[in-house]
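So, here's a batch of structures to check.
You will see chain A twice below: alongside chain B first, and alongside chain C after that.
Up next is the complex of A and B:
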């Protein structure tokens, strides 16, 4: 390991470490503009100059370009180097406008810091500055090109690092310009990172433009809960609302970046429509009264009809504390539940995933970057877990091959293989790939029950033969790979896939390969929910029991079945039949209208909490601010916003776990302090998996990973994997699946006014062959008739999806809940072209 | 930044489309393709850039980025009277930039652009080899030495007048013929 001396301090570093990073490890921050640990060095800005006194290099050199070597003696404070840097700053500032006062970067601007630190407080240049036109880059990123200092970070991030091409470097010399060919919304769902990485104010955060300076904000480490990856963020709060969210570095999860869904997905917390007062039958009442009423009624119902007459539904977006409190409440009272999933198939998939994700197979998002082959099954990263795209891209840049087995029109900013087959056929193809890849020795060494699964894979089918060439190539690549990651979705896949993917991974590991398994789950805390809902009833059964009069009270904790249950008319009908509907939420969900009792709860920004991401990593979000209406909603537009009151309006809401514990206690005197610790203590006691949970003040920033592995069996059907389902293909049947979209389907981010501007219109995707057969052209409107209703929707025709499949994003502006189920089969005559104005 | 294409140019685009087919769809062919387009049109209008982007299946941003990197590519049609203002060392010292600025202001376009009627285009050049006459401007083929801001308007006016005379003479000869 190279040992060198920087500013008289000795340090040992890993081989390949740049001098600039070695210095940073010593706490010496050498100025930099173009260097970024994720983007590497290019030596473009010259501001990281230091003086090499001894060793292989001599004199003033760029510390970002030189690897640390044994025997180097480096000075960052040498007069010559300091002088050099000073002039660099001066020439970078030649064309830079004097607009710090009106620049949103001011206060956290690297250029500003360096200019002041470099002593270039007064300009000597008297000439005319070159100026540029700015471009409109969409609703998220503000462009102000005159401030550019040509560090190339933006184009390197946008094109090289993430693979999107619509923004880049144009022109040459003095006219160098960073932007698009023509003004227009940036195509990359990672565009917000430009704001974080640009060292000056060329790209600034548009939604929070001119709201405040960095030092006005309270900054708190937080998490993104807009998908299951759980990226690390830092939120900036001012006047009781989140103003801005940025990426927070995480070694294990998201690295330096986050996606736009996450970055701008926090606005639900300060929505004007957010319910902040407890209600009984739609009338505002005090929190205590609501709790009291709910408690009395729940007790009465469970006395009259037994505790089984009360059922509860929890949420995959709730914190672990809330989930645990709900489990505890149900246990104590003997209620049914908690149920977390509206869709039973999805529930089984998630639970399988949680159970199969053994410690030795689980990999983090950053580990995915190290793979040399990635097989993704039933996963659509851009739409389900955006940051996975960047991880795949890094692997691909290092030479990894990426193959997708998925019916959807997968779009990625790099080249990959795509085996597009109908959802029903995926298991068969996956099983076939497995059979082709595993070598004889491994098969011989299999345990009998594993051997049985292997032997049950049918030899060939027309599905395989029609994809033969591609499958052979993929199988060959898998055999040759050393570090393999299997990515597996849990949304559109059939129930055998998560298990088959794990089986595949185990067998490959037996072959001596380094194998990782990476599941995608629906919801930020779906993993926690899977661990805390062992033998819960299904949502469908609860509805049946309500209809049969067996269940009389339903408790919905931060879960809105209207968003997920695919048969809206039935749901409306059934909820009417309840004696008591108790709803707790921090969103303006539809069920509040039906609720007998409503309790407002707090978001993760106000309550903090643990969330378990899709790899079983428990992570912690801190409390960013104390709830209540944002001041801006009370200050009549005054600047600065002021309102004088002796208490905070709308501050009644409590964390959902607080409400649950108050319901569990028999009297109203539940303390407000110490409840959370209590719940966690209960969790540690009842669930051995959580016994490692460190105390709050010693919680590692990358969280801790819990993987139940084989010890926990969620499911009994051990032999279910034996025969892969064969697709029952009929020429006029089509499989219809509902899917996630980056923007427009996820519950929290669709409440962001800025992301709404990014949404595409709802549509149904159809393969061009099917469209031709049905005589449908791009943009036509069709009515899809199911057993329970009709959905009318515009058609998008594409070739890179499986034929015989209809794909409908669960868009918030589309009443897809009339389809009856999240996956259905329709015959072609159930799809009818309609004229635009025709009502359906 | 774009001007309406003339009918000839629209026709040329068609033959460009045909010519494109002779190139392999490789990024490496971008520059030869751009050269081919410029040979046909004398500049690269945005319609052509988009065509190239579409053909090579790359983003227009990349095409434009490469094209603007090289001095050989132009993005405005050449004017009938190209104005070249020298900013070489001698002319720079004798305030060639003021001359450039005057042309830009009078014509309402910037260096590198072409007037909407395609009469004039402005370009800055480095030394044209007659430093003794600095500052120098060249309009069409004619070299104008010892330029001064006050001469700019005169020169442009002269071209207008010459154009008027030519027009009148043409009308006269036409009416004589009929």
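Up next is the complex of A and C:
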């Protein structure tokens, strides 16, 4: 461990530590502009200069460029170094607009801080200031190039770190320009990070412009729940409304960055349309009245028809507290549920994933960066878990190879291999890949049940032989790698894939490799839901039972089946048959219109809570603010009303868990204090897994990981891996799958007016061979007929997807819910070209 | 190697023009220091030049006579460095245009005494640039101040370029 002296203080640091970081460990903050822990040292800005007095370097040197070494004596306050740093600031300010008071960065600007700290106050340069044109970079990022200090952080992040190419540095010398070749919306779904990393006001947050200053905001650590990764964020609140979200550093999860879906995905919390008042039959009533009515009716139905006549549906976007409160309520009352998934196939996949993710296989998002080979199966990172793209990119930069087995048109900002086969063929291909990879010794050493699975893998099929070359190459690469990660999706894949992926991982571990397994799940708290959901009912069965008159009351907790159930006419019909539909939500979901009783609930910003991400990591979001209507909406943008009232308008909403506790009680005299603690206590009691949960005030920032492994109670814990087969292949049949998309499909972020501008039009993706056969060209509109309805949609033709497959993003503005199921098979005569104006 | 500067100028290059007297030269391109008259007989090889505190550089010799304003010459050279800086690091990207501005002001009668100390400080600081471009690029300015400071002062005092009678 190198030992050095900085400003007369001695310190031991890890080998490889830069002097700038060694000083920081001593509490000495050396100025920096270009240095950034994620982007590394480049020595461009020269503001981190210090004087080396003894050791291998002498004189003024950049502290970000030099590794700490034994015997170094460093002074940060040496006259020459200080004078040089002053000059650097002066140089940077030569052309800088002196208008902090009207700059959007003012108050959280590194340049402002350094200029003040360096004491540069008098302008000596008498020349003209150089100016630049600003560019329109789309709805999310504002560009003001005159404020640039050429630290190159933006171009390094955008191109080197992330791999996107449409923003970078142009020209030389004084004329260097950071932007795009032509003005236009930034192509990277990580563009918002430019705002965080730019040390000045060149890139600022566009949606929150002119709202306030940094010091006007209350900043609270929070989580992103727009996908299952659970990235760390900081939310800024002003006047009962979130106005901005930024990345928060997390060692284990997202590092320094977040994606744009997450950054701008919070606007649902202050939507004007957000339901704020309890309702009975569509009429506003008090919270208490709603609870009382719901409780009376639920009790009555339960008495008349037995508790099984009440069913409940929970949500993968609810906090663990709410999920636990719902489980407790169902147990206490004997109701059916909670069911969490509208799609049963997805439910099986998620539960398999949760069960297979043994402690020794689970890896964090940051661990993925360390891999030297990554095999992704049925996962489309940019559309399902955007930040995984950046983790893969880091691995790739370090030399890792990345291979995707997926039918979709995978788009990534770096090169990778893509075995694109139809969803139903994936298991067979994966099994073959495994067979090609595992060596004889490992096979001999397999346990009998593992051996059985291995032996069941059939020998060649024509599908395998047509991919043979690629499979061989991939198998060879895998054999040569040491640190592998298998990424596995749970959305479009068939039910055997998550298990096959885990089996693959275990066998690779037996071959002596370091192996990680990284599942993607649908929903920020899908993992929690997998642990807490009831195994008996499925959503489909509940609908059947409603139709049969067996289920009379349905409780929907922050889950809107209209968004997910693929047969809308049936759902509409069935919900009508209920005696009681109780809906709780913080979104303006469609089911509120059908609800007999509605209770408004709180978002994670208002209620806080635990969420379990896809690697089984329990993380905590703090309460950012409490109260009702944002002031901006309540007073229509004017001065808030000058009259006094004893209630905050629109504050009737409660956390969903609160409503569930009140429903569980026999009467309304609910203790308001301590109820959350009761739920957690119940959780620990019923699920020993949660016994490790630290108290709120000592909860670690990176959370804690719980990986139940096979102990998880699970409907079919027995191995379900069977002989992978192909359903009969018919040239006339096409598989149609519905998928997630970065912008446009996810329930919360699509409520952001700014992300709506980033959405592309709903479309169906089709391979060019299929399009040619059907005589369809790019942009044509087609009607896809299923057993239950018709979906009419424009066609996008591409070659980097599996032929024989139709892919439809579940766009919120598309009524894809007429397909009948989330995956269907259609014959080619069910796809018909229609004229633009023709109704379906 | 080792041929005297005087011999190069007088024999190999055909000597100074009529009426022109040797004032200084850049011995090795734009990023070497001015070599004033006292080095007229120096042997042109790496070692001797280094001992004299100079560099042979590219060996491309540029001679200035007594009627040439070296402030103007330095301004011209600095203009080149300001334009050709790649823009990577702050001292070079911003320092050269800054010094160009100061030299331009001196040459055009707007000079102030403190410009001289700013110039010399900046030259020193440009040695802390990322690459060797800037330390080379400041050599003419450094040597202008070292050998021809009087000429610079004259510009400032007269509020005009003394070589330019208009």
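Just so it is clear, the second predicted complex is superposed on the first by the 824 of 840 C-alpha atoms of A that agree within 3 Å, B and C clash if a C-alpha of one lies under 4 Å from a C-alpha of the other, contacts with A are read in each partner's own complex, and residues count from 1 in each chain.
Please note the rule applied: contacts are C-beta pairs under 8 Å (C-beta built on N, C-alpha and C of every residue); 3 or more make two chains touch, one makes a residue touch a chain.
On a predicted model such as this, the values are computed, not experimentally measured, just so you know.
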Go through the superposed model and pick first if A:535 touches only chain B, second if only chain C, both, or neither.
-> neither
Have a look at where A:829 lands relative to chain B and chain C in the superposition and call it first, second, both or neither.
-> neither
Report for A:167: first if it touches chain B alone, second if chain C alone, otherwise both or neither.
-> first
Which partner does A:124 contact after superposing on A: first (chain B), second (chain C), both, neither?
-> second
Once the structures are superposed on A, label A:180 by its partner contacts, choosing first (chain B), second (chain C), both or neither.
-> first
Partner chain in contact with A:44 - chain B first, chain C second, else both or neither | second
Looking at chain A, does chain B or chain C touch a larger number of its residues?
-> C
Identify the partner contact of A:84: answer first if only chain B is touched, second if only chain C is, both if each is, neither if none is.
-> second
Interface residues of chain A shared by chain B and chain C, listed 169, 171-172, 175
Taking the complex as given, what residues does chain A use to touch chain C?
-> 43-47, 49, 60, 62, 83-84, 87-88, 91-92, 94-95, 124-127, 149-150, 152, 169, 171-176
Over in the complex, which chain C residues touch chain A? Could you list them?
-> 82-91, 93-95, 97-98, 101, 105, 118, 121-122, 125, 128-130
Seen from chain A, its contact residues with chain B in the complex are 165-172, 175, 180-182
Where on chain B is chain A touching in the complex?
-> 46, 49, 58-65, 68-71
